[in-house]
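Okay, got some structures for you below.
Same chain, two partners: chain A is paired with chain B first, then with chain C.
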Partner chain A sequence: MVNDGSSSGAGSANGSKEIGDEYNGNSSKLNRRRFIQAAGVGAAATGFAGCLGGGPGSSTEGIPSEVTIGVLAPAPENNPIGAAIANSAELAAKQINNSDKLLSEADNVKVSIKNTQESPSTGRQRYRALTLDEGAHMTTGVFTSEVLLQLMDPIAQQQTVHMTTGAASPKASKQVNENYDKYKYHFRTGPINGYHLGQNMVDFLEAKGSDLGWDSVALLVENYEWTNPVQKAIDDHIGDLDVDVAMERRYASGTQNFGPIYDSVEESGADAAFVAMAHTGTPAVVQWARDQRPFEFGGIHVLTQLPAYYSMTGGACQYTVTQNTATPQSELTDKTLDYAEAYNEANDGYPVYTGYITHDAIMQWANVATERGTVNSDEIVKGLEESSYTGTAGSIDYYGKDHKYAHDIKYNFTTDSPPETGVNPVFQQWQSEDGSGVQEVLHPSYVSSADYQAPPWV
Partner chain B sequence: MTDNSQSRLRLLLGKLNPLGLPLRQKIGVFGLAFLIALPLLVSLPVVGQFVVMILPASSWQLGLYNVAAALFFAMFAMSWDAVSGYTGEISFGHGLFFAVGGYTSALLNMGHGLSPWISILGGVLLAALAGVMIGVPALRIEGPYLSLVTLVAPLILLQVFIFMSDIFGGEQGLSNPDNLIGLGFVSNYFLALGLFLAIFALLWALTRSNTGSILTAIREDEDAVSAAGLSKAKFKIFAFVLSGAIGGLAGAVYVHTPVGSPTPSELMSVIINVEVIIAAVLGGMGTIVGAALGGLFVAMLPDYLNLVEFTVPVLGKSISEMSFFLFAIVTLFLLNIFPGGVLRWGIALGRRATGRDGSGEEGMAADGGQSPEDAGTNPVAQTMERYQEYYDNMFGGDDE
Partner chain C sequence: MASILSVALTIIVQAAMISALYALIAIGFTLIFGVGGVLNLAHGATITMGAFSAYYAGQFGLGIPGAVLASVTIPALFAGLLYLGMVKRLEEEPIMVMITTLVVSVVIEQAIVVFEGTTSRSLPRLIEGQFHIAGSTFQNLLGVMFVVSWIIIGLLFLFVNYTKTGKGILAVSMSHKGASLVGIKSSRINLITWIIAGAFAGIAGLFLGSWLTADFAMGQAQLVLSFSIVVVGGIGSIRGSVIGAYLIGFLEIATTNLISSSLQGLAPLVVLVVVLLVKPEGLFGREFAE
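Entry: the complex of A and B
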């Protein structure tokens, strides 16, 4: 459920400091239309009249007749993570259009999907096309942190609410906390941020470690930036448990041969490899299963979250445990399975975690816009800060402006009881059922769908 | 004023008169004038709408941003061409210089509070130093061996960035440093265009000087250069330092604009390293002009393809969905049709059309001395010939 993932210009196009400041988002009252006008003025002042014009719904007062939702997804046509974002946005828009309650003043809620190609420069280009050309009233999506971090300034400049549904880097929320007026338009609807992902791994070990027989673990973390906050949280909290850390290895990025690493795990005598893997995940799982290494395997393994991963690896991921936002087997709220089935019906397959989160983000935004009777971003920011929305992944609440993780979704620290506020990720295990793989839920117990199965060779 | 000085003035004015220029240069001047006038043209009532239609975006604002980004990419391609196009030492990892320039400037700006105007200088200096670090090994190893060094260098740098991610931000890159001149669409466009023209003028003048001739001679026959009593080592290092400094300058300014940022994907990814080579070879290796044109084309083609909503009937996929695939196909096609580069082909075509195809007179190509139609002596063919020699030696080929 994770991925790998201040301008102080002296002036603007015409050298005007005032407009330059507006560009830089220093004026919190500046809305998107004014930004375009400012750019036009900049052009005009240099002798060029400038063609002004907002998108189809550039009005920011009330609910316009056509509401545009901008979606940024990596290769939505073939990447399952991007497809889940795009398809869930379409599904949410359809449900809003069919609803009598949500955004009823609008004749149509339209979704515009753009491909970030997982590139910061493309992501910036597409984001600007969505907000400047198409007049998107909110934007959502973004999977990689590399793209999100480079969108923080454009989001601040456009002053349009953006709800992230894939990237986990806490650097984004740190920017919101440190410069609230500028970056307040950013919210992370999910997943929980990188530090809380690590905290959740420890909480899982506390709740289920003895049941699984994981009295000692070997911590294996791939050396990428995204694992830094995860590993910090584990290091901060794992000492409080009655679990022995037999070995801790931050192995090199790009590692393909896990033989020597697994030899060390065996020598350490650990019951399980407790992992944080994304880029290097597939060779790690395949070699573990192929060589039938005598230890169990679990933690955060991003690729095993994909519903198609069992067939992609020829069943090698069987018996592995990973954190996830939700699965088609986890009834976290009364909306979870309804959404998963509606998605399956529309797309002939179940969504990846980014789908649940994107659906929640758009529905929460629509609820807040309906309550406030406006799509004005400043009003929506206040609304989202006060909102507690029950979505498919749990209760969607955000940390306040003074919290160090400002505008990140709240993590539920009481990990084995249904949360009143915040979300509680699930831990799934790939199990075999009639020759095909199923993502059975082990934890939390209130959504558990199966008992843990240890690999037969251990 | 004497008759002599008057005739000099007339000569100078004659040279500056665009109407007196050769056709290819007239086209170049027209293209340049179009780029300079672009922000004005988009604001005109009727003409503006037509001009926006030919921009790689759906509005003039984003069009200017996208052209600015393409201008930076063209600068990257020109910096590659200055060393690899002229000396024939192919660099597979020019992103090293863009990244050193961009990251140095961003870190000096964000970490030490230096103004971007000063931090960019720091980026240029370190990139020039990186040019020395690659140039010095070039004295001992050549051809495919040196190419391997250039291939590995940015990979090592990326690993350093990941290993020391607390400083360099690892695979996620750094956040946005201060912008040099704010966020204006027009001002940033002119910043990119100004830098593009300055780099173009510098490299064009240098490669048409004696230094350029020596660099070309290194590509054609290193032994002949040594036999003439010239230090090929000195000129090779000069070429790498020059190219590194210019690539570093472009990378450093790029990260201080709204169209760029200090991230591995934008400055040093394998895709960037390869696209820079494709751009220069496609445009015309060893010409600077060709690298500039190729850079603009390679950067803007995907943007154009992304605007096409047409759905291919049998596949059921839209052109924009397949943009990267189509970009690769078009590029491969063009490279096959024009192995010497589109520029050389265009010049040769122009000469045939105007009846100045060189029969009975010496044809001067854009690179200052080669016949455009002599495919055997175009830089790509020469470089391949050099590499073939190295491979023959490597695998024990017959020495004749």
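Entry: the complex of A and C
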């Protein structure tokens, strides 16, 4: 289920027997690739590129024989969020290698995966290793906003396109907007930025409020950078609804005992805990369900997005609602389920949201590079700005350089039909079916699969 | 007025239950120091091991009895082996014991990361349901934890004071040389102490994991907590550890209930610093040696 080789990801993506066996339509391409590997030309070229120091993407014209995609993921060996980034990057590289259309001039597209350990300083080190030592032509991944914000300057220095696929802080896009020439190499393919995440929660409440019956909510957010804009957006917009915010609490990132917090929620009389949890959350869900707290539970809970979460929590996540980029049950585009099944086949399990986004990022980059006939970063930036790519999560379009969220993916909330541009996240609920858990989609209606179920103890 | 009474009762009941868990967590740690004169920095990891032993027992379908049995025997066995395999050879070098047990602790945590990842795991619920006191609701699990903790503490006191082996533990804790002179094999006593401490840590891990969930790093905070409790109570003093656990438990619950829930975990550290500055020998000193 998880990546099996962190930084050795290239090895499994660039010419292994498995790829040749599975995709035998490009045998000459693969033979050449193996030859290059054996001769070590790739290593020498990479080393040379690293010596240039100005960022390989910016100085390269055309499509090189070996294209390197740098991936930054949190603990890809054992964190499902990091594993989804790493495994999806390898899947995308595999598909590009076996495509006659994408980057056909390249003999090999390889993936190099580095562990950020969710630490800003480690993230910077690993980013430099990818761009300077390994000569990555683009980088992607990054789950933690604190890490991303520390990468903005190195990205600007290396002038190599970076497509974020996990971190949500809009401070990054603000930097692009305010100093475009310096920071233009950063794009956020997903998720929608933190402010839009909060707005999306409120939009969902407005659209589904009558079904949910949540007239008052207790806002619980973990104390991380990404939740600041989420909280602000909720504060800005929830007043437009007929919903009372009974209490609001930022809790410490290391919180294990949610008893005192839930006591406060109960005292507030809120109908539901409206949450923003990504790095923390399992103790919160398990204690809510086992203590049968008399309020409902929903919002953004990243771990609840994990397809294996029902078994991981012994069913405690049943009845929880969370926003998600996509699920294996939600056919947002004709690519969503194909990707989910290909991922499942390759990794014996379905991805979490960072997987969908990472796949979209790499495929969009490859499409733009192919169209432009180059991996030159300045050309790719122009291409991505003009691109409207149908990915697994929806239409991947970015805000322009004059927008306050420059180069962030566009967010468009709709209920009955897919938006023409941008993405419209789904809201799912864990429900039980024959004793096992299913991620049923509640919203939007064009992919919904079930109605909301309130916990029986409330 | 009724509201104040209700709040006070809630705090007292919550604190009594949490403190009982804290006592369980700390007793093994202080027992090893009191008897062997070494600090076991793998104590937190042993608690984690207890929780994950119960988790695996649940995964293998062994039910609650299997989970309880696994959470006691596996950490006890591990602690015994740790003593025989490493600590026994380094007993005269407390710093080396600290380093060795710290390394073992890291190895255990990393092994859990490799096999289970960083995501918290849900353990089988030992007991369902809730009970009510003065209008407040409490989990049956915590009530059982309170009772089990006191049964264990009571049995430990009986064991130490009224059995031959227990008296041997007391003797070794007072003087290794003196104990040897009267024919007590200190290595055997130390082994028994480590096994008992491992079992206690395992039970603490079982309750902690069943209550809050289990993850690879759950033992780190418990190790810090153990330090705080035994320093407050007096390093090596079981009675001091129990009282220290209740002091810290009450302070923590009062802080989180009356001031802010975001102050969880702060009370032990504050108390630790204050005691180190004001009464560094702790409330009860090192009673075995006195």
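In this text, the second predicted complex is superposed on the first by the 378 of 458 C-alpha atoms of A that agree within 3 Å, B and C clash if a C-alpha of one lies under 4 Å from a C-alpha of the other, contacts with A are read in each partner's own complex, and residues count from 1 in each chain.
In this section, a contact is a pair of C-beta atoms (placed from the backbone, for glycine too) under 8 Å apart; a residue touches a chain by one contact, two chains touch by 3 or more.
These numbers were taken from a predicted model, which means no experiment stands behind them.
Residue contacts after overlaying the shared chain place A:316 against chain C, while chain B stays out of touching range. Looking at the shared chain after the overlay, A:228 reaches chain B, while chain C stays out of its contact range. Judged by the touch definition given at the top, the superposed model places A:303 against chain C, while chain B stays out of reach. Looking at the shared chain after the overlay, A:261 reaches chain C, while chain B stays out of its contact range.
When the shared chain is aligned, no partner comes close enough to touch A:97: not chain B, not chain C.
Of the two partners, chain B and chain C, it is B that touches more residues of chain A.
After overlaying the two complexes on the shared chain, residue contacts for A:77 are found with chain B and with chain C alike.
In the superposition on chain A, A:344 makes contact with neither chain B nor chain C. Contacts of A:390 after superposition on the shared chain: neither chain B nor chain C is touched. Touched by chain B in one complex and by chain C in the other are residues 77, 223, 252, 254 of chain A.
Residues of chain B touching chain A in their complex: 39-40, 42-44, 48, 52, 57-62, 65-66, 69, 159, 162-163, 165-166, 169-173, 175-176, 178-188, 258-261, 263-266, 303, 317, 320-321, 324. Chain C meets chain A in the complex at residues 14, 58, 113-114, 116-122, 124-125, 128, 130, 139, 211-213, 215, 218, 221, 256-257, 261-262, 264-265. Looking at the complex, you find that chain A touches chain C at residues 2, 75, 77-80, 223, 249-252, 254-257, 259-261, 263-264, 282-283, 286-287, 290-292, 303, 306, 312-314, 316.
Of all residues in chain A, those touching chain B in their complex are 4-15, 19-20, 23-24, 36, 39, 42-44, 46-51, 53, 77, 115, 117-121, 124-125, 128-129, 132-133, 144-146, 149-150, 152-154, 157, 169, 171, 175, 223-226, 228, 252-254.
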